[in-house]
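Sharing a structure here in structure tokens format.
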Amino acid sequence: MDIGMIGLGKMGMGMAQRLQRDGHRVVGFARSAGTRARAQEQGIEPADSIEVLVHVLQPPRALWMMVPAGDVVDQTLAILSPLLSRGDTIIDGGNSNYKDTLRRGKSLSETEIDYIDCGTSGGVWGLDQGYSLMIGGDEKATNRLRPLFATLAPAPDKGWGRVGPMGAGHFTKMIHNGIEYGLMQAYGEGFALMRHKKAFALDLHQIAQIWRDGSVVRSWLLDLTATALAKDPQLAGIAPYVADSGEGRWTVNEAIDLDVAAPVITLALLQRLRSRDPDSFSDKLLAAMRQQFGGHDIRHE
Amino acid sequence: MDIGMIGLGKMGMGMAQRLQRDGHRVVGFARSAGTRARAQEQGIEPADSIEVLVHVLQPPRALWMMVPAGDVVDQTLAILSPLLSRGDTIIDGGNSNYKDTLRRGKSLSETEIDYIDCGTSGGVWGLDQGYSLMIGGDEKATNRLRPLFATLAPAPDKGWGRVGPMGAGHFTKMIHNGIEYGLMQAYGEGFALMRHKKAFALDLHQIAQIWRDGSVVRSWLLDLTATALAKDPQLAGIAPYVADSGEGRWTVNEAIDLDVAAPVITLALLQRLRSRDPDSFSDKLLAAMRQQFGGHDIRHE
Amino acid sequence: MDIGMIGLGKMGMGMAQRLQRDGHRVVGFARSAGTRARAQEQGIEPADSIEVLVHVLQPPRALWMMVPAGDVVDQTLAILSPLLSRGDTIIDGGNSNYKDTLRRGKSLSETEIDYIDCGTSGGVWGLDQGYSLMIGGDEKATNRLRPLFATLAPAPDKGWGRVGPMGAGHFTKMIHNGIEYGLMQAYGEGFALMRHKKAFALDLHQIAQIWRDGSVVRSWLLDLTATALAKDPQLAGIAPYVADSGEGRWTVNEAIDLDVAAPVITLALLQRLRSRDPDSFSDKLLAAMRQQFGGHDIRHE
Amino acid sequence: MDIGMIGLGKMGMGMAQRLQRDGHRVVGFARSAGTRARAQEQGIEPADSIEVLVHVLQPPRALWMMVPAGDVVDQTLAILSPLLSRGDTIIDGGNSNYKDTLRRGKSLSETEIDYIDCGTSGGVWGLDQGYSLMIGGDEKATNRLRPLFATLAPAPDKGWGRVGPMGAGHFTKMIHNGIEYGLMQAYGEGFALMRHKKAFALDLHQIAQIWRDGSVVRSWLLDLTATALAKDPQLAGIAPYVADSGEGRWTVNEAIDLDVAAPVITLALLQRLRSRDPDSFSDKLLAAMRQQFGGHDIRHE
């Protein structure tokens, strides 16, 4: 079927290509002319503006937003929604906060444009392996888009599903990412322990490879770990600085709102914050306190 | 090749069967006559005692211990090692603490019996899917046993390897299990959060299934989670009581010894301890303190 | 000086009494006639309504709100602010979220009524020992109220101060309570460990008493702990259920917003959440997973 | 009464002085001649060797060891115990692991020399303010030493006590220090949060001072915090590097052995470990994983 893709970044471009390869007609908009040119080389019809994008598609249209979460989504909706009409569907496939999704969906509900939230996992590997899609919103609208989901997912009947009403897709993706933080941190800690056990001189890449087959800890993140360690088991040149894109902190806040203790997901987030604060004031104060009560030496910077 | 298997519990029996199916001659010892009878039905030659087991095997022998970690290993070695001679090999395939392994290996080193530690992962699924094997000890001895490892592993060249000198196998398995604790806890917390989000009425089994294909959090533990949730997404009747078999606590102790912070693995262990302490004295004292300073009501038992 | 106290709960009543005892004229409003009668017995002039309260005070008036944080503050302000005029001062002495304080103060700024936020610590002991006051807002208005602060504090020049502009008082109080969570949890855990060390049959009350003099861990919370343990070192009948009044979770959210890892304060909050979730779904799922991969027994409820 | 003090470091010297000032005869041994000379200036009789120390005291002797925990205690006992006889008492006032104390006490039990373990808190302030003493061991022996404890403690009947049999003193001190870790970390985190809230430009020293009177978080550690912040509220020049002297890690290990979750004490220790590992391999691996799955940029060192 026809689909308009708004946003052709790492994720959006990959999804557009996967759809195009499977026979869908994909019209794509990106602000950068260079990006649009690259899209065209992949068989994606470029559109110079959102207006053009809407214009070249026949109603009922499907418009898939794959733009950075936050203001850009609101700005895109402000342009897009006046151009659409009853029966058209907007899909937010990005990492929006599900509370924003609820607000946006409510605001769109008067227009009779369908608004679907689709949590999308898979990263840069999704183009080839398919994406995992967690969909929230109207059931009929979801069914209309079935051909798209079937193409984007790893298999037509696998890796995607409507998980609930509006917001449920982004909520589920948020939890997915919270879990991801915990998983990553668990591997990170385990490999760090092995690296520090000098006496055994362990080959971390070899161990990651061994674990990939038959072990209880085998996973896709372990596969990626093995790939990263294959390049350089010392990870030389990589700074111990871990960014976060927001979903982890939303998960922690949500857990607290729900009165559910999620200590491992929470600590995984806090370790990322800590990785970006090398000059911890808390640690300085502890050193100062120890000097106060015990006369212990402090290290000077 | 010929192999003597000491211990035919869930793990030992599965390994013995996998070896036998692949054409190895497996002689098995278990204390229980019933267990030995079941082993015999699977094509395993039963031995009534460790003495008999050793007697029916030709030197150089390979003796695989698959017994509970701790005293039973020492007791087994006390019986076994005087019966063996130079060139024979003992493999400890259980979850022994690597420090015990170092002690035992050192004690055996005078006998010229080879002592191999093999961390074994895969659980009850290993029989069919193969086991992940992390091997420590002498390189020549490891090479002699290659046919066994190739059979036990998921594929002859996958899922097993010699990771270092004596103790390195059990050390690596310990870390493996520490990571496992963290992974499990991350999934547990994430699914608990989804369950508590009543507004979305999420189907946890469906979500686990969706995530199995294409998502960043796909893993074997997620596969098992999906299976568990398929039986009953409410997990009704299962007590919130999580046992531990020791390797998690060794990992935490090791992390502290190595001066490496492993907060997620550590917290994952502590949550298990907490699950077994429903009458937390700490929580009682906090309730009592709050009453003291704020006049806050306490709940009575 | 004259002061109108709105809210005569545990905190408000104690503060009104402390002010009255020191010679201030205190007019008090509470919704309950019984509460007003009790206040009158303590020398506090009762007012049947906020209107009456404002009416009996001479401008420039000082109105101290000591009501539950949240909607009640907004409702009180909706009644109170139209009755006041330039030069009057409203003090919010409760545990308001500093973000609400900023919003309210901004909304009041057009009225030229001064709005002061005063974080108040000391609990039910403040009446006799004095309260610790963390004040935010206009400097002149704070100075005008100096006689009140000097009375409420443990000493005229101790235990109180203007810490910054509007919101800074409640912010500081929020952090104070976050620290309090961490301190309480540290004591709770330590005493729980001693209780579980059966071999030494430690007398927890005696140890709390010993620590009160000369030790590094001496504190007011330890004093209260000793009092609680004096009544019953077993804390029999007290449920392991720890409530929270919101400031801990705000602190955790703030820490995440500030990109500062505060793991101990965070974990202290999570333990409280955990204390109220005896039927942890996460723990159930872990038990189910262990059964899946290892064939481990689960406990049935 | 007469007392021999072995070890005249920061703690031992302070204790010797406090005893001497109160009229006890104190003979002191330190390996360094300079230290012995300084002790002599304080009225402490210097002894050139442990042999001399024992010789100049009349039986029944009291010998107080105030030496670094670990091997030095064993070495000191190896010299000391053959010189003593029935009725003499050795006190270990240092931070020995209670398990070592049990071992040493057992080994001494055949000699009929009494062995007392005395956990000592108070740091460099103890000389003036008195020490908190947690005593384990024989009740009669403890009673014989009562004059010493009464002098060392902040008051004759306060801040000290026999808490249980041999080992109980050091056990209690270990828990004390575990709690101390948690308390310190709670303050550290809270002050760090205030420092990062730039909008309020909070004066951390002022806030520490305010909290010292009347607040729920008042404590001796807060007093020290105020002192440290008075010198420099920026803590400039102090490295964010927090040492630990072992008791925290013993507490964490003990908690795990006791199956008691102590997350706040545990995390407080882990933060210290983290403060000393600026080049976290775990963080590097997470950055590498994010690059693998999301194509996220990594920072280069």
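Lettered A, B, C and D in written order, each chain numbered from 1.
Just so it is clear, a contact is a pair of C-beta atoms (placed from the backbone, for glycine too) under 8 Å apart; a residue touches a chain by one contact, two chains touch by 3 or more.
In this text, all values refer to a predicted model and were calculated from it rather than measured experimentally.
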For subunit A placed onto subunit D, the superposition rotation in degrees, Cα atoms, nearest 5: 180
Most remote chain, CA-based centroid, reference being subunit A: D
Between the pairs C-D and B-D, the one where more C-beta pairs touch: C-D
Equivalent interface positions on subunit B and subunit C, same or different at half: same
Length of the line joining the C-alpha centres of subunit B and subunit C, rounded to whole Å: 48
Centre-to-centre distance between subunit D and subunit C (centres being mean Cα positions), rounded to whole Å: 33
Between subunit D and subunit B, distance of the C-alpha-averaged centres to the nearest whole Å: 39
Of all residues in subunit C, the ones touching two or more other chains: 123, 185, 187, 189, 192, 196, 216, 221, 259-263, 267, 270-271, 274, 282, 293
Overall pattern in which the protein chains touch one another (line/ring/star/complete/other): complete
Complex contacts: residues of subunit D adjacent to subunit B: 216, 249, 252-253, 255-256, 259-263, 266-267, 269-271, 273-274, 276-277, 282, 293
In the complex, subunit C residues that touch subunit B: 10, 123-125, 184-185, 187-189, 191-192, 195-196, 221, 224-225, 227-228, 235-243, 263, 267, 271-272, 274-275, 278-296, 298-301
Contact footprint of subunit C on subunit D as seen in their complex: 121-123, 126, 129-134, 136, 153-155, 158-161, 163-165, 167-168, 171-172, 175-183, 185-187, 189-190, 192-194, 196-197, 200-203, 206-207, 209-222, 251, 254-255, 258-265, 267-268, 270-271
